[in-house]
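Shared between the two complexes below is subunit A, which pairs with subunit B and subunit C, respectively.
After this line comes the complex of A and B, so read on.
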């Protein structure tokens, strides 16, 4: 296409607006591994001191970073397994099977998909108290899985919609039941969808902050997001940002790795958007 | 029903159960809770009946006769198993046995009467007056500070203390420690000046953040569309990062950027500006930071949606416009923007909703400060019900705040049904069983 206005003013504006992000990201990496004289920005030496939380106790009432990491992993893993398991059948039902009130359920799905779930947190808090699941990891997993579910079903239904009808018709023609057709013929076709939901809900669980903070504030169910947030909010004026950044890097490492590996797939799903 | 119907319902049922339990029930319960006075003090599961000093003051203020108050405070001295046990523990089993044999079931109006009865014991009476007084006190039966787990138990106690029938309902009401139904939350909420402040703050927050999101999202999408592929993907990746990084880490970076030991302060101190907290020092700075924090995340969503919409424009249209001599601004104005009408509408409505209800970033960044200047409605609901410094969490009042958001959320989500092309979704399954 014809070059009929110059690129550099656009680049300049982009650069100015991106500058805070670039600075933050650069110093996230730099500050985690270096020391510097207070009042300057230039590093004066390389150190691993900020990562001491990995091998010593920080004496902040938590039960150690590895326990917290294990919690976070369990939380993210079981949430994503639950979401995937439930969406894979529900998505198929909504996409392919004829049953009463199907239109109603589809409409309900759209409404749920758009509904801002964070408004329900107070009621969910009280429900978990009544169920006795308050302050347990299981409680948070169940709630997180439930809130991710409309998104999972929506994506899964989309993947089922793209599978050609002919595959199913051929299976039914050959005498297989609908269940067999789904299990043997359709499921292999939607494996990318399964992967996408698995990865996305894992990342979403790994990053989740509000639910663990409200529903499981105790030490036993602490996850990395609440671990870091507690540090950040209790720090006061004596905030040790080098430590925060080291913990943050440790926390974000799986996210960054997964993102780099599955970049293209995720870009499409994030486009659907669950964050403001 | 056909077999595929059963299969369909069976396939759907796990999702239905979960959705029912964690969407429908919470929506309905938010409505219910809004009509209660639930708080930390009342508990969630119901309560007991207990009268304490403050309850008694409340009763006095409510105009309960002094005589009734006296009856509550001192219901007399009763020789019962509990008192005898205490007596045995303090003064020995023989005394308790003898006293119990002589007086079990008796009620004395005054302590002196009990003391006299104690004095009358034959074996080893309690010699010191002070001890006797203490022993008599063991039999004092008052309704004060005694916990009654059920209503019948409390009513029986009222009956025993001979409290007039007319006064009982009021006493019962004051003594109950559990939650009760009430419609006062709504009136209370709107009588608070801060409520209007929250509404105003929410307005500022949504309008400015949304404008930033949409305008800057548009700018990013169009700019990266025209830039060479390498530069474009670099900027897309940079702007995508806030979206994938965990929110807590994202806020750590912003706090560092604006803190008094952080980036802005350090750089400006080179120019002789005293270090200060650039996020929390003034309301204006707090709002700027909040809008940017949310905007940097929100803009990336706009960027993705708008970018894919722009790529969907047939390139022949753009080529044709160039042949006709249109420059890029004309292209943007006459070709790209009209094509983006629906995506813009989608982003606007979607983000209005999510901005109205989200409080995560504000909580982590300013926590509503300085001095409540950035306390938005959703954050106020959260603070009232789940997280405040006073320690008395008012679930009922918080639910009242949340109810408004739930209702708005429901209405907006229903509107999505209209926005989406619902007919498309309703394509009939082609295999019927």
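After this line comes the complex of A and C, so read on.
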């Protein structure tokens, strides 16, 4: 088949723009596994020494990589579960039910969606202190989930909007309660959206940095992003950059795997749901 | 089961769609709600099944007042215009859904689904998904799902609108057969007069939220109560002649021609406006009440030919004749109206 456009100019442009990223990623990979004489670019030997953080205590005050990883995992998982559960129900309500001030909620959702959340951080800090949730993982989860919600609800509402109204009415006529209709008939139709929200908010939680750093700076609630940051700060100019890169690789690995496994499902969010 | 709608009023916001409508549907009868779009026929249907709440009025199924009862408890089967099959379930699960909701036993469900699937002739499609079915098959599944829990009433919302012409003919008789075989009370909403006339025992013709006439298809065709009803039924449609009442009959507008009026019709006072409705089959070359005109349009329909005849005053009459006439476009003709079949209406459109 003859193509209307030649591919190579596009590929070239793409390559030029993504080259810096590629180079950085390559060096992340290479440096994590090799030793180098300072000042040179070519590695001098292969080593697993930089990954020592996996089996030894780095003695930097935190409670070890595995505890921090567990924290990160919990943080990402519970954030995404909360966001998904609430988005799936709230999106349905906004799409289907006529309740008071529905327009206000819809408008508010868009405003919050576009709102630079960092500006809220001092207020959130005060509220968490008041509630006694400052410096706890639960506190950060609550805040992160709340900030992720506008996006999740909006996407889910878009998915619900595409489900024909008649399917719901047919279910009601068949004798099913509104809840059964939602659970058995409507939810299966929006499952791609549900999966996308679940994965997206998990990834977003996994890579969150600002919120844990500001709201839970203590060691008990440390997550991988803050662990990395302290590693840099504590080391100062003496920081072990190869170690840093190894931890970074360890930190990025789940994200890469999740993307590879679920990339089709993630594309749904752009194809199926979002309207307006 | 008998359905009675008493003084039904429905408004959406400030727009009143249906005002003070009453309608009685007999047990085992198939009734058509016929009308142009926006006349309130679907609103009436959705009020019967409980999707729309009535603003005022009462709805009775048999002796039971169901006005305030939820859709789930009304035991009404509905076939929606786009069938509303559940896309993630196969045909069996689609049909079984109402039974599963009711918590029937597994054996009961299997038996009932089998029976109903055989009735609508989809026995061999039970494992397929809706997306793998043709329009006619989806229609049958929707019917089966609506009928499987033996509802008191079956409602059909434009069930044939999404089918192609040939399938429409087939499903028309199929739906009628299934309705008669089950003896269920059915209400059909349609804007297609042929569908309404061919499928139903009685037709309620609606316009602007009111029932204009309620009678059997034959009666409605031959004895319409207003010019709206006369104009809505019949294909090719009826032709109207405008004129005024005069000595010895109706004088056509802009013309000296006076048509004599059959004795059965009481004309208003001289000078009052009247309309004559003349169906194409009653305007033929050998009828007695002759009128002059020119053939302005010829349409070949196969078995029959349809002629438009423009009269000297500019009005148009239609004539449908069996194939074989030697008339051509532009011919001057002097054809006749069957005087006793003229339908006369007053200025407000009411039958005289």
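Convention: the second predicted complex is superposed on the first by the 244 of 276 C-alpha atoms of A that agree within 3 Å, B and C clash if a C-alpha of one lies under 4 Å from a C-alpha of the other, contacts with A are read in each partner's own complex, and residues count from 1 in each chain.
Here, a residue touches a chain if its C-beta (ideal position, glycine included) is under 8 Å from a C-beta of that chain, and two chains touch if they have at least 3 such contacts.
Small disclaimer: the values here were computed from a predicted structure and weren't measured.
A.B. asks: After lining both complexes up on subunit A, report clash or fit for subunit B versus subunit C.
C.D. replies: They fit: once the shared chain is superposed, the two partners occupy separate space.
A.B. asks: Go through the superposed model and pick first if A:18 touches only subunit B, second if only subunit C, both, or neither.
C.D. replies: first
A.B. asks: If we overlay the two complexes on their shared chain A, which of subunit B and subunit C does A:140 touch? Say first, second, both or neither.
C.D. replies: neither
A.B. asks: In the overlaid three-chain picture, which partner chain does A:164 touch, first (subunit B) or second (subunit C), both, or neither?
C.D. replies: A:164 contacts subunit C only, not subunit B.
A.B. asks: Regarding the shared-chain residue A:172, is it in contact with subunit B (first), subunit C (second), both, or neither?
C.D. replies: both
A.B. asks: Check the residue A:189 against both partner chains and state whether it touches subunit B (first), subunit C (second), both, or neither.
C.D. replies: So A:189 only meets subunit C here.
A.B. asks: Considering only touches as defined above, state whether A:96 meets subunit B (first), subunit C (second), both or neither.
C.D. replies: A:96: touches subunit B, not subunit C.
A.B. asks: Which partner chains sit in contact with A:246 here, subunit B, subunit C, both or neither? Use first/second/both/neither.
C.D. replies: neither
A.B. asks: For A:32, decide between first (touching subunit B), second (touching subunit C), both and neither.
C.D. replies: Touch partners of A:32: none, neither subunit B nor subunit C.
A.B. asks: For A:180, using the defined touch cut-off, is the partner it touches subunit B, subunit C, both, or neither? Pick first, second, both or neither.
C.D. replies: In the superposition, A:180 contacts subunit C only.
A.B. asks: Nearest 10 degrees is fine: what angle do the Cα centroids of subunit B and subunit C make about that of subunit A?
C.D. replies: Superposed on A, the angle at subunit A reads 120 degrees.
A.B. asks: Shortest C-alpha to C-alpha distance from subunit B to subunit C once the two structures are superposed, in angstrom?
C.D. replies: It comes out at 6 Å between the closest C-alpha atoms.
A.B. asks: Jot down the residues of subunit A that show up as touching in both complexes, subunit B in one and subunit C in the other.
C.D. replies: Shared contact residues on subunit A: 169, 172, 177.
A.B. asks: In the complex, go through subunit B and note every residue touching subunit A.
C.D. replies: Answer in residue numbers: 1-9, 11-12, 14-15, 18-19, 21-23, 25-27, 29-30, 33, 38, 44-45, 209, 216, 219-220, 223, 226-228, 231, 235, 238-249, 251-257, 259-263, 266-267, 269, 292, 294, 296-298, 301, 304-305, 308, 318-319, 322, 327-329, 350-351, 353-360, 364, 367, 378, 381-382, 385-387, 395, 398-399, 402, 405-406, 409-410, 412-414, 416-417, 420, 422, 425-426, 428-433.
A.B. asks: Looking at the complex, which residues from subunit A come into contact with subunit C?
C.D. replies: Touching subunit C from subunit A are residues 164, 166-167, 169-177, 180, 184-185, 188-189.
A.B. asks: Where on subunit C is subunit A touching in the complex?
C.D. replies: Listed in rising order, the residues of subunit C that touch subunit A are 49-51, 71-72, 75-78, 80-82, 84, 86-88, 97-98, 101-102, 145-146, 149.
A.B. asks: Which of the residues in subunit A end up touching subunit B in this complex?
C.D. replies: Per the touch definition, subunit A meets subunit B at residues 1-2, 4-5, 7, 10-11, 13-14, 17-18, 20-25, 27-28, 31, 38-41, 85-87, 89-90, 92-94, 96-100, 102-103, 105-108, 110-127, 129-130, 142-143, 145-147, 149-150, 153, 165, 168-169, 172, 177-179, 203, 206-207, 209-210, 214, 224-225, 228-229, 232-233, 237, 239, 241, 244-245, 248, 251-252, 255-256, 259, 266-267, 270-271, 273, 275-276.
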